[in-house]
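The same chain A turns up in both complexes below, where it pairs with chain B and then with chain C.
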Partner chain A sequence: MLEIKNLKVSYDKVEVLHGLSLNVNEGEVVALVGANGAGKSTTLRAVSGLVRADAGTITLDGRRIDGASAVDVTRAGIAHVPEGRRVFAEMSVKENLLVGAFQRSDKDGIARDLASVFERFPRLEERQIQMSGTLSGGEQQMLAIGRALMSDPSVVLMDEPTLGLAPLMCRQIVKIVRELNSQGKTIVLVEQNARMALSVADRAYVIEKGEISVTGTGQELLHNPDIKKAYLGIA
Partner chain B sequence: MNTSKTLQFALLSLAVIGGMILLPQGLGLYSVELLNIFLVNVILVCSYRMTVTTGDWGLAHIVMMGVGGYSAALLAKDAGFSIYLTIPAAGLIAAFVAYVMSLPLSRTVGFGYFIASFAIAELVRLSWLKFDTLFGGVRGLINIPIGKVFGYSLFDPVIYYYLSLAVAVICLMLMFQIDRSRIGIVWRSLSTDADLARSGGINVSYYRKLAFMCGSAFAGVAGALLVHRLGSVDPKGFDLTTMIYLVIWVVVGGTGSFWGPIAGLIVMTFFFEWTREFLAWRPLFFGGILILFLIFLPNGLDGLLRKLFDKVTSRGGAKQ
Partner chain C sequence: MELATFVQTLANSLVLGSIYALVAIGLSLAFGVMRMANFAHGEFYMVGAYVVYALYALAGWPFYAAVAVAVPVVAVLGMLTERLIFRPTKSNTLAGFMATAGLAFILQVLAGQIWGVGLAKQVPMPIVGATEIFGALISTQRLTIIPIAFATLAALWVFLYRTKWGRGMRACSIDPDAAALQGIDIRKMSLLTMGLSGASAGLAGALMSPIYSVTPYMGHGVVLIAFIVVIIGGMASVEGAVAAAFIIGFVHTFGTTIWDGITATMLGVAFMAVILVIRPQGLFGQNPV
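Moving on, here comes the complex of A and B:
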């Protein structure tokens, strides 16, 4: 469904992705794990049109989307939940969600998706008129996910959704990822919390210094001795 | 907004408009002239807030008002347009000029935008000086026809006041609706986090241009109203000093709500009149007020009232 071939991206002439390739099939949860600065977030940002690729191709259902603007990528059905549970702090919860649905024009569909986000996250419904900056970290992350869902995407890119959240909240996020997946969303999950990512993923890629070093199913990687040593902290 | 709140709001608006209709009856002509200028400024501050909701604090707005003013003056003088036509035409022309200006401007952000907006606006303003056969140079344009509405001469300040009031009410209603619409929400999202908005699939540059054009259109309408009242227009009226006053009104009022800038305008207009005796000191007072607000009340009177309101309503300790 989503295919990245030989992707190269640089920031200010410093190349950070050196020809990365991966593919995501429809209905899968695919995890990208790796150390700080390996290029995980950059990969997501390249897919969603926030950074430009120097070389390589990105295709969605066979259509090239590299070089497309973030607007067109969103329209094509890819939603990005950026790192650091970013929300529009000075706007209400409901306004945040409506911004997520902005490039849609089907009023009924938007109302339906708003209702389903509220059903999924009852806390957000309770707090819909509250300024989102006053929400707790976990609630903000839910809002960030809810906002992405408002664009009715087929692929959801999630960048470090559990970063800085309490363990209970992390489990909640895992549950949400599974739920979304079972409802037909394809998910690309970037995580430093490799154990969590591998346990929820169908397949995973380990990114090392801008390239894929290992790939396999989530379970395979969880039991791979090198991965255990490098990313799971088990000797 | 639920229905009872909507009803309250509608009643309050009607009461204010009713009060504004009765107001000139008890006032002298000088005060009515002040009210005319005040109504122009109400449209001006609200339209400036409109562009500022995207986070684009610029210094071009007063010149956009001037574009509307010059357009109305030329259309009335040379083309013989009536005031019914010059006012909307001034808005459209200002929006068009704003579109052209926004092509380079939308490529700058933050401080770059602030300075670039001044430079490009100054370019427009200086062209009024330079092309003096069309725009009259330093002296500007005079003897701008004022016309009639329903057979009453607009020369009468009270009649003009009713025209201004009607225009202001229409403009405010439109701006209020835009502010609450999805477009208004998107504009506010840009000031909070433009990168995040972009990652959500919002065409940031398009919406910034749109905000500048819409704000400029209403500024153009305000300019037309001003110029028809004064009967003349010159480049001095739209210089940086005037722009700074506009910034002060909006900062004092606060941009958090639609009504903040109007509150700022009212307070500062009274202050302006009270300091008439200390003419030489006035810039010092206004500069001081600007600095004090930026330090102690960065959200303006609107933010202060909201804080007080929250304190009063949450005193019971219940959070919800």
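Moving on, here comes the complex of A and C:
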């Protein structure tokens, strides 16, 4: 469904992705794990059009989306839950969700999706008129996910959704990822918390210094001795 | 202060505050969405006044018809500024500042070349006479500015808080990257913002043309005040700009009535300095800069 081939991206002429290739099939949860600065977030940012690729191709259902703007990528059905949540702090919870549906014009569909986000996250419904900057980290993460869902995407890119959250909330996020996936969303999950990511992923890629070093199913990688040592903190 | 003087000063404060609010809100919207300070904003105000001068005082159109033309003319000027200056200099804030400062001079010289730089142009009052309120006689023409400005500010509020594009505009001003991820086209939004910014400055200039003298340099003083207002209110905060505009309107008018114009201006700047010390992000600003 989503296919990245030979992707090269640089920031200020310093190349950070050196020809990365990966693919995501429809209905999968694919995790990208790796150390800080390995290029996981950059990969997502390239997919959603926030950074330009120097070389390589990105296709969604066979159509090229590299070089497309963030607006076009959103319209094509990819939603991006950015690292650090990036909710619009001085806007209410409900407004944040409505902004998530910015490029849609089907009023009934928007109302239906708003109701389903509120059903999924009752906390957000209780706090819909509250400024989103006043929410807790976990609630903001739910809001960021809800906002992404408001564009009615087929693929959801999640960048570090558990970063800075309490363990209980992390488990909640895992549950949400599973739920979304079982409801038909394809998910690309970027995580430093490799254990969490691998346990929820169908397949995973380990990114090291801008390239894929290992790939396999989530379970395979969880039991791979090298991965255990490098990313799971088990000798 | 006698009641009549007080009422008169109060009315003048509201008029001045309304004009400051219309000018400052455009500056604040543009800064919010594009993080660009438009130094030609005062000249937008000046062009608005000249359109009324040309169509109403020279060509004999009805006053409000001239105002109705001034607004879209300056809106287009704002959109051209976005397209020709802000978009190409997006990655270089300083270049944007310098280019708009250059645009300010170009517009001043153009107005001077077309209509002359000598004596200030007099735009006759469309409504002659005064209205008596609590014994104070207040120019009716001045009073008409208050409802027009309030209606415009209310319309802007409804746009920003109750419409999809207004919410999108606020989202862009809070976090442009996150807004882009929601499918908001920042370029279109910047164009719209500069259109609104120009329209509100043009309206302010058009409304003020029969009251203050029209010269190519009339925007200079106004834009300085608008910057002060926007800094007091919080750079990207629309509510802040409106609140600060009325505060400065009151400070300037009451200061001038009680002491004199220079003292009033000093008080306004001193107020800004105090705000910058105790609340650097401005009255309604969110993030300390």
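Rule of thumb we're sticking to: the second predicted complex is superposed on the first by the 235 of 235 C-alpha atoms of A that agree within 3 Å, B and C clash if a C-alpha of one lies under 4 Å from a C-alpha of the other, contacts with A are read in each partner's own complex, and residues count from 1 in each chain.
In this text, contacts are C-beta pairs under 8 Å (C-beta built on N, C-alpha and C of every residue); 3 or more make two chains touch, one makes a residue touch a chain.
Just so we're clear, the structure is a prediction, and the values are computed from it rather than from any experiment.
Undergrad: Evaluate whether chain B and chain C can sit on chain A together after superposition, giving fit or clash.
TA: clash
Undergrad: Could you say whether A:Glu90 touches chain B, chain C, both of them, or neither, answering first, second, both or neither?
TA: So A:Glu90 meets both chain B and chain C here.
Undergrad: In the overlaid three-chain picture, which partner chain does A:Gln140 touch, first (chain B) or second (chain C), both, or neither?
TA: Neither partner.
Undergrad: Using the superposition on chain A described above, determine whether A:Ser41 touches chain B (first), chain C (second), both, or neither.
TA: neither
Undergrad: Just to be sure I read the superposition right, which of the two partners does A:Thr186 touch: chain B = first, chain C = second, or both, or neither?
TA: neither
Undergrad: Examine A:Val99 and indicate which partner it touches, taking first as chain B and second as chain C; both and neither are also allowed.
TA: Once the two structures are laid over each other on A, A:Val99 reaches both partners.
Undergrad: Same chain A residues contacting chain B and chain C, which ones?
TA: Touching chain B in the first complex and chain C in the second, residues 48, 50, 69-71, 74-75, 79-80, 82, 86-91, 95, 98-100, 102-103, 147, 151 of chain A appear in both lists.
Undergrad: Can you list the chain A residues touching chain B in their complex?
TA: Interface residues on chain A, with respect to chain B: 48, 50, 69-71, 73-75, 79-80, 82, 86-91, 95-96, 98-100, 102-103, 147-148, 151.
Undergrad: Provide the residue numbers of chain C that touch chain A in the complex, in ascending order.
TA: That would be residues 164, 167-168, 170-171, 174-175, 177-185, 286 of chain C.
Undergrad: Would you mind writing out the residues of chain B in touch with chain A in their complex?
TA: Listed in rising order, the residues of chain B that touch chain A are 182, 185-186, 188-189, 191-193, 195-203.
Undergrad: Can you tell me which positions in chain A touch chain C when the two form their complex?
TA: That would be residues 48-50, 69-71, 74-75, 79-80, 82, 86-91, 95, 98-100, 102-103, 133, 147, 151 of chain A.
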